[in-house]
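In what follows, structures are represented as C-alpha cells.
Consider the two complexes below, in which chain A is the common component and chain B and chain C are the respective partners.
Moving on to the complex of A and B:
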C-alpha cells in the first residue's frame, strides 16, 4: 500500500500541524487525525506484527474493528500500551512505537518464525510443551507473545477518572444516519433522548462524504438533524462508547476525548434503547489475504472521507455485494487508478512480499498496491446480544441478524440488516416496529474458501487460518467455545469482531452443519477495551474501602494507640511506643491483675422488638432463649440452615417485648440482614421489628479484678451491687441514658457500658479519671485476643470454619435439650453432623517460648504419608502463663486430650500436646459470678 | 506488627464547611432522630400529623418523617419519644440521634455531585429515601430548597463520605 494524503479531501485541519515521532523518527499529522491516518499519511505500511508468526500487517479497519495496528504511546510522562491506531486521536508530542516486533514492526527479527509455520499449527502449544512441565516453557513463550509492554515508571496511575449515574428515557447508540433519524423520531414523540457515538463526529459512514441523503447533501442532512435534536432538548454525546449492557437496563458508557483526558464512566439507566451501531465488513477469504495493502472497503472509504487518506495509487475492489457502488468513482476522483475485480469469475489470491504487489484471478493478474475487500456486511450486534437479544443466521446474506429480543430494546438501520439508505431510514422512522428485510436489496456471491494457493487468514490478530479451523474440526473441537480456546480465534483485543462469521461458516462447512447449528459465542461487555482506571472513579487509595471510624479515635491517638483495621473498623491494636509484643504482654497482665479499659464500640447492637420477639429469637438462636427474663443476658450461637456456626454473641432481654442482640463487631450488618431475612420469611413481620443501633451507642468495657470496685465507686443512677454476671441494667450517666451489661470477653469481671455516641468522650475521660486509684489503663485488640484465647473464647471465622458446628466447640447442650425448633436443628441431626471424625476445638501447648504458627497443621504419619488432621486457628504467647498457647480444630479432638501430636509448618515440625481449650482460670474464679 | 495510624489522618467528627465548584457541603444538626417501625396507620396515629417525605419531596419545617421503607420511618425534629416497643400502638422506636451525622449539600451542582455516588434523578420518584452507596446506607432527600440535599450517614462512615464528596476526580 502506498497510501497518500489527498491535497484537499478529508475533515482534518490542515492549518494545525501535529508533530509526533514513530520509532524516534519525526513525523507530522493534522488536527483531527488518528494515529493510523497520520502514519498512513507518512507512508507507513507495516504497522504491526501478527501474534504468533510475526507476519507483517497493515491497517485493515476503520475504527474499533481494527485487528492489526496497535501501539505503545508515550505522551509527556504518561505511557499507554496497546493503543488502537484507528481509534486513538493524534496528539502533539506523541512518541509512538509499534508492538510485537523488535526492533520495529517493519524490521522484526522474529519475522523468521513464519518459515516454521508448518510446525506451528493451532494447538501446537498444547501438544509440544507438555513434557516435562509446561511451566518450564511458559516464561519464554509469554515473553515472545503478548502485545504491548507497560513502562512501569511512567504508568498513568495518577490519571483522573470520573463516575456518574444517570437516567434517560431513550438512549440511541450510534450517530450515523440511522441513529440520527431514530433519535429525531423519539425526540419528536416527546421522549427524553440521549444520542451517543464513539466517534468525535456524527454522521457515521457519511461523515465527510459527498453523497446525498434523501436528495440532500449529506452534511446538510446531518446538520439539520442535529439542530432539530438540539431544539427538542435531546442531548448528543460524542467520543462516548456504549460498551456494555447489564442487569435492569443499565448501559455503561465510556467517555474520553483523547488518551490523556479524564475518562468518565457513565452508568445509565434507560427505558428504551435504540441500537444503531451499523455494520462492518466481513473479511474476504483468499490466499494471503493478510498482506499489508489489503483492507476493509469501509475503512478505506472512512480514511478518504475523514482524513483525506487515499489507500493506494492503484486500488483493486474485491467486493462481494453492491453496498459500495460509489467507491470506484470516489477513489478515481481522488486520483487513484481503480480496478474492479469480479468475484463471480473465481477465487483470487494476493501476492507480494511484505506488502501487496498483485492479485491473481485465474490467469488474470492485476498489479495493485491496495485491495479493498468486503465479503459481506456484518451487523454490529454486541449490545443487542448483551441485552438478551437473539441472533439468527441469514443464509443468503451470510450474516447474523437480530431476532427476538427484549421489548425495551430496538435495532435499526444496517445493524438490523437494512443496508440500503432508504431501508435504513425507514427502519429508524419505525424503530419500535420490526421492519421486514428486503432480501433483494442486498445480494452477495457465495465465496468458497480455497486453500490451494496459500494461507487464508480468518483472524488477523491471533494468526488463525482456515486450515487451523479445519484442524480443530478434525480434532473434534467443533463447538464454538472449544474452537475459540483451541485456535485462539476471537481472543484478545479483537474478540472476534472481524473473524467470527468467517470462522462459523468454515466450521459449518467442515462439520456439514448449517451455520445456525454451529452457534456463536456470547457477546460480553466491554464491547471495546476500557482502561481499568476508568472504573474506579474516586474509589482508589484511601477511598477504595475506607474503614469505619470510632468516636474516640482522637482519644486513642492521644494515648499513642497503634491503629489497625479489624473487621472494617479502625481500632487500637495496642497503646504506647514500645515494641508491640511488649505492649501487648503488659496490657494482658494489666487486665489480669488490675483494671483495663477497652473501646468495644463496634460490637453489634441490634434491637429486636415486638410481641413475637422472644419466639423469633428463640428460633434464630441455637441456645434456649425462651426462658430469658428481663435483665438477663445469655451467650448463644446463631447457626446457618446447615447447622454451621454463623455468629456468636450475647442476647439481652430488656423486657419481654424488647431484646438486644450483641453480635461480633465485623458481623453486625450480616446479622442484621440474617435477622431481617428470617423475620420476613416464616414469621409475622407485623409483630417483630429489627433496628440496628450499633452506631447509636458507644461501648466501653472495663475488665479485671478491680472492675467491680471501679464501677461501684461511680454514680450510675442504679444499684450495681447486686448486678451479677450475665445481668443487665439501665441507668444514667451525666443525664444521658447508660446501658450496663455484665458480660466478659476476658474471663475476668467485666462491665460493658454503653452511652450515646456523643457521650463517648465524656465517659472515656471519666473512667480514666475515676479509675486512677485502681491504676486503670487502656488495652487494644491484640491484648483482647490473647485474653480471649487464654480462656478459650473463640472468634467466629478464626477459630471456626465453614463446617464448624456448636458441638464441635463443646456446646452440645441445646442439641440435646432444646425442644423448640431453631435454625440448623435438622442439620445437626444428620449423619455427617453426628460423625465421630469431626474437627473439634482443642487447646494446643508446646514447650519453649515460641508460639506456633497460626495455620500450622496437626499431622499424623511420617514423610510422604503425612496427613493433616487439623490446624492451628489461634496462637499467642500468654504472658499470664509465660508460655505459648494455641487453639486448634482437630479431627476427633475431644478424644485426643493430653495426647502428643505433631505440628507441621513449612517443612519444620515439633511435638505438642492436645489440651482443653482453656488455659487460664480453669475453675472460673476470675469472673466473680 | 504494623501500626497503620499514620495511614489515616485523625478523624475529628466535625467538619468545616467545604465550598466546591457549584456546591457547598456542611454538617448540620437537626435535633432528635428516631427510627420508628410498624404499620403505616399505627405510626401515623402515634407520631401525629407529620409530613412523610419520599423522593423527590422537599422536607419543610422542623419536624417530619423520612420514609425508609413500607414499615419504617425516621423521625427528624424536636420532639422526644419513649424508646422500645409501644404496646398500645404496636410500633417500635429507637433513638438514633447519635447514630447519624447529617450533611447538607447545596448549590447548582449539588445534584451532579450526588450523581457521582448514586443513581438519583429528580424525575424518578421513589417511596424510600434509603440509597446504598457502596457499603454505605445513606438517607438522601431535599430540604427547604430544590437544590439543597440532606444526607444522613451513619456516624462511623461519615468521614469516608465527607472525603468522597470533597475529593476532586
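Moving on to the complex of A and C:
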C-alpha cells in the first residue's frame, strides 16, 4: 500500500503539527490524527506481525475492530502496551513501537516462522503442550508470542482515574445519524437523554464526509441535531465507550479523552437503552487476504473522511454488496485510480510479497496497491446480546440481526439491518416500535465468493485460516466454544470482532449445518479492553479498605506506638522504639509483674434488651445463660447451626432485661447481623432489641498484679472491694457513667473500664497519672497475644477452623448438661461430632528458644508415609517461661497428652511434646493475685 | 450490580444486602428427637431453583430482614415483603 495524505481532505488540523517517533525515527502527524493515520501518512505499511506465524500485516479496520496494528507507546514517563493504532489519538512526543515484531514489524527476524506453518496447524497449542510438559516450551513460546512489554515502573501512573455513579432515562449509544435521530426523538418526547460515542467526534460514518442527509449537507444535518439536543437539555459525551451491560439495566461507560488523560468509569443506571452502534465490514475470504494493503472498505472511507488518508494510488474495490454506492466516486475524487471488481466473475486471489501488488480474477490481473473489501455488513450487537437480546441469522445477507430482546432495549439504524439512510432514519424516528428491516433494502452480490485456493485468513491477529477451521471440524471441535479454544479464533486483543461471522459460516459449511444451528459465542463485557486501573479508581492502598480509628490514636502515637491493623482496626502493636520482640517481651513481663494498660475499645459491645432477651440469648449461646443473674459475667461460645464455633466472648447480665454481648473485636458487625437475623426470623422482634454500641463506648483494660490496688486507689463512685472475677458493676467517672467488668484475657486480675467515647482521653490520662505509683505502662496487641496464649485463651478463626466444635476446645459441659434448645445443638450430636478422630486444641512445647512456625504440621509416620494430624495455630516465645510455646489443633489431641510428636515445616522437622493448652499459672492463682 | 428494594428503605445497590437463606424452612424443635436425615435436610437441602426463588435477605444498612421473591434466570425482583406481621406467637 502506498497510502498518502490528501492535500485538503480530512478533519485534521494542518496548522498543528504533532511530532512523534516510530522505532526511533522522527515523524510527524497533525492534530486530530490517530496513531494509525499518522503512520499511514508517513508511508508505514507493515505495522504488525501476526501472533503465530509473524506474517506482516497492515491496518485493516477503522477503529476498535482493527486486528493488526497494536503498539507499545511511551509518552513522557508513562508507558502503555497493546495500544490499538486506529483508536489511539496521536499525542506530541509519543515514542511508538510495533509489538510482536522484533526489531520492528518491517524487519521481523521471526518472519521465517511462516515457512513452518504446516507444522503449526489448529490445535498446535493443545497438541504441543500435552506432552511431556508444557513448561519446557513455555519460556520460548511466550517470548515469541508476547504481545507488548510491561514496564514495571510506570504501572500506577493512572492513579487519578475516577468512578461515577449516575442515571438517565434514555441512553443512546452511537452518535451516527441513527443515534442522533433517536436521541433527538427521545429528548423531544421529554426523556432525560444521554448520547455517547466512543469517537472524539459525532456523525459516525458521515463524519468528515461530503454526502447529503435528507437533501442537506451532512455536516449541517449533524450540527443541527446536536444543537437541538443541547437546546432540549440532552447530554452528549464523546470519547466514551459503552462497554458493558450488567444486571438491572446498569450500563458501564469508559470515558477517556486520550491515552494519558484521566479515565473515568461511569456506572449508569438507565430506563431505556437505544443501541445505534452501526456495523462493520465482514472480511472477504480469498487467497492471501491478509496482505498489507487489503483492508475494510468502511475503514478506508473513515481514513479518507476523518484524516485525509487515501489508502493507495490504485485502489481495487471488492465489495460484495450494494451498501457502498458512493465509494468509487469518493476515491476517484480523492485522486486515486479505482478498479471495481465484480465478484460475480469468479474468486479472486491477492499477490505480492510483504504487500499487495496485484489481484487476480480468472485470467484477469489488476495491478493494485490497495484493495478495499467487504463481504457483507456485520451489525455491532455486543451490547444487545449482553442485555439478553437474541440474534438471528439472515441467510440472504449473511449476517446476524437482532431478534427478540428485552423491552427496555431498542436497536436502530444499520445495527438493526436498516442499511441505507432512509431506512436508518425511519427506524430511529420510531425506535419504540421496532420497525422491521426491509429484505429488499440490501443486496449481496455473490453468495459464495471464496474458493479454497491458498490460505484464507479468518482471524488476522491469531492466524486462523479457513483450513484450520476445517481441521477443527474434522477433529470434532464443532461447537463454537470448542472451535474458539482449539483454534484460538477470536481470542486475541480484538476478540474476533471481524472474524466471528466468517468462522461461523465456515463451520456451518464444514459440518453441513445451517449457520443458525452452529450458534455463536456469548458476547461478554468489556466490549473493548479497559485498563484495570480504571476499575480500581481511587480504591487502592489505604483507600481500598480504610481501617477504623481509635479515639485514642493520638495518645498512642504520642507514646510511640507501632500502629498496625488488627481485625479492621488500627491499633497499637507495641510501644517504644526498640526492636519489636524486645518491646513485646518487656510488655508481657510488665503485665505479669506490675500493671499494664491496654486500649480494648474495639471489643464488640452489643446490647440486647427486652422481656425475651434472656431466653433469646440462652438460645443463641452454647453455654447456659439462663441462670446468669444481674452483675454476673459468663464466658461462652456462639455456634453456627452446623455446630461450629462462630464467636467467643463474655455475656454480661446488667439486669434481667438488659444484657451486654462482648464479642471479638473483628467480629462485632458479623455477630450483630447474626443476632438480628435470629431475632427477626425465629423470635418475636417486638420483645427483643439489639443495639451495637461498640463505637459509643471506649474501653481501657488494666491488668496485672497491681491492677486491684490501682483501682482501689481511685474513686469510681462504687465499691469495688467485693467485685470478684467475672462480675460487673456500674459507677461514675468524672460525672460520666462508667462500666467496670472483671474479665481477664491475660490470666491476671483485670478490669475492663468502659466510658463514653468522649471521655476516652480523660480516662487514659487519669489511669496513667494515678498508675504512676504502681509503675503502670501501656501494652500493645502483640503482648496481649502472648499473654493470652500463655494461658491457652483462644482466638476464634486463628486457634479454631471451620470444623472446630466446642468440645474440641475442652468445653463439653453444656453439650452434656444444657437442657434448652440452642443454635447448633443437634449438630453436636451427629456421628461426625461424636467421632474419635476430631482435631482438638492442645499445647505444644519444644526444647530450645526458637518458636515453632505457625502453620507447621504435626505429622506421624516416616518418609512417604508421613501424614499430617494437625497444625500449629499460634506460636510465640513466652518471656514468662523463657521458652517457646504453641497452640495446635491435633487429631485426638486430648488423648495424646505428654506424647512426643514430629513437627514438620518446609522440609525440616523436629520433636515436640503435646501438653495441655495452658503454659502459665496452671492452677489459676493469678486471677486474684 | 443488581438493585433490591428494601421494604423500609427503598431501592438500594445489592452490596448493601446479605443473603440469609432460602425461605420456607422451619427450624426443627431440637428439644424433641430429630433423626440425622431430618436435621441434615434442614442444614443442607436447598432447592436452588432455576426461575422463581423466594429468599430471606437482610438489608445491612437498616438491619431489617425481609422476604424477596426473584427470578434467578433474568434477575428480576418479583416481590419483597417485610417479615414484621409474619410473627405468630
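Assume the second predicted complex is superposed on the first by the 901 of 929 C-alpha atoms of A that agree within 3 Å, B and C clash if a C-alpha of one lies under 4 Å from a C-alpha of the other, contacts with A are read in each partner's own complex, and residues count from 1 in each chain.
Methods note: a contact is a pair of C-beta atoms (placed from the backbone, for glycine too) under 8 Å apart; a residue touches a chain by one contact, two chains touch by 3 or more.
These numbers were taken from a predicted model, which means no experiment stands behind them.
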* Asked: If you stack the two complexes on chain A, which partner ends up touching A:485: first (chain B), second (chain C), both, or neither?
  -> neither
* Of the partners chain B and chain C, which touch A:820 in the superposed model: first, second, both, neither? -> second
* Name the chain, either chain B or chain C, that contacts more residues of chain A. => B
* Asked: Given the touch rule stated above, what does A:267 touch, chain B (first), chain C (second), both, or neither?
  -> both
* Touched partner set for A:676, first chain B, second chain C, both or neither -> second
* Asked: Which of the two partners, first being chain B and second being chain C, lies in contact with A:429: first, second, both, or neither?
  -> neither
* Touch check for A:685: first (chain B), second (chain C), both, or neither? -> both
* Structure fact -> chain A residues where the chain B and chain C footprints coincide 267, 269, 685-686, 690
* Residues on chain C engaged by chain A in the complex (per definition of touch) -> 1-3, 18, 20, 27-31, 34, 36, 39-40, 42-43, 56, 58, 60, 63-65, 74-75, 83-84, 87, 89
* Asked: Considering the complex alone, what residue numbers of chain A touch chain C?
  -> 246-248, 250, 267, 269, 388, 641-642, 672-673, 676-677, 680-682, 684-686, 690, 820-822, 825-827, 830-831
* Would you tell me which residues of chain A are touching chain B in their complex? => 160-167, 262, 267, 269, 537-539, 542-543, 545-551, 553-554, 557, 561-565, 568-570, 573, 580-581, 602, 607, 609-611, 613, 654-655, 657-658, 685-686, 689-691, 693-697, 756-759, 782
* Residues of chain B touching chain A in their complex? -> 1-5, 7-8, 10-13, 35, 37-39, 71-72, 84-85, 87, 90-92, 94-100, 112, 115-121, 123-124, 134-135, 154-160, 163-164, 167-169
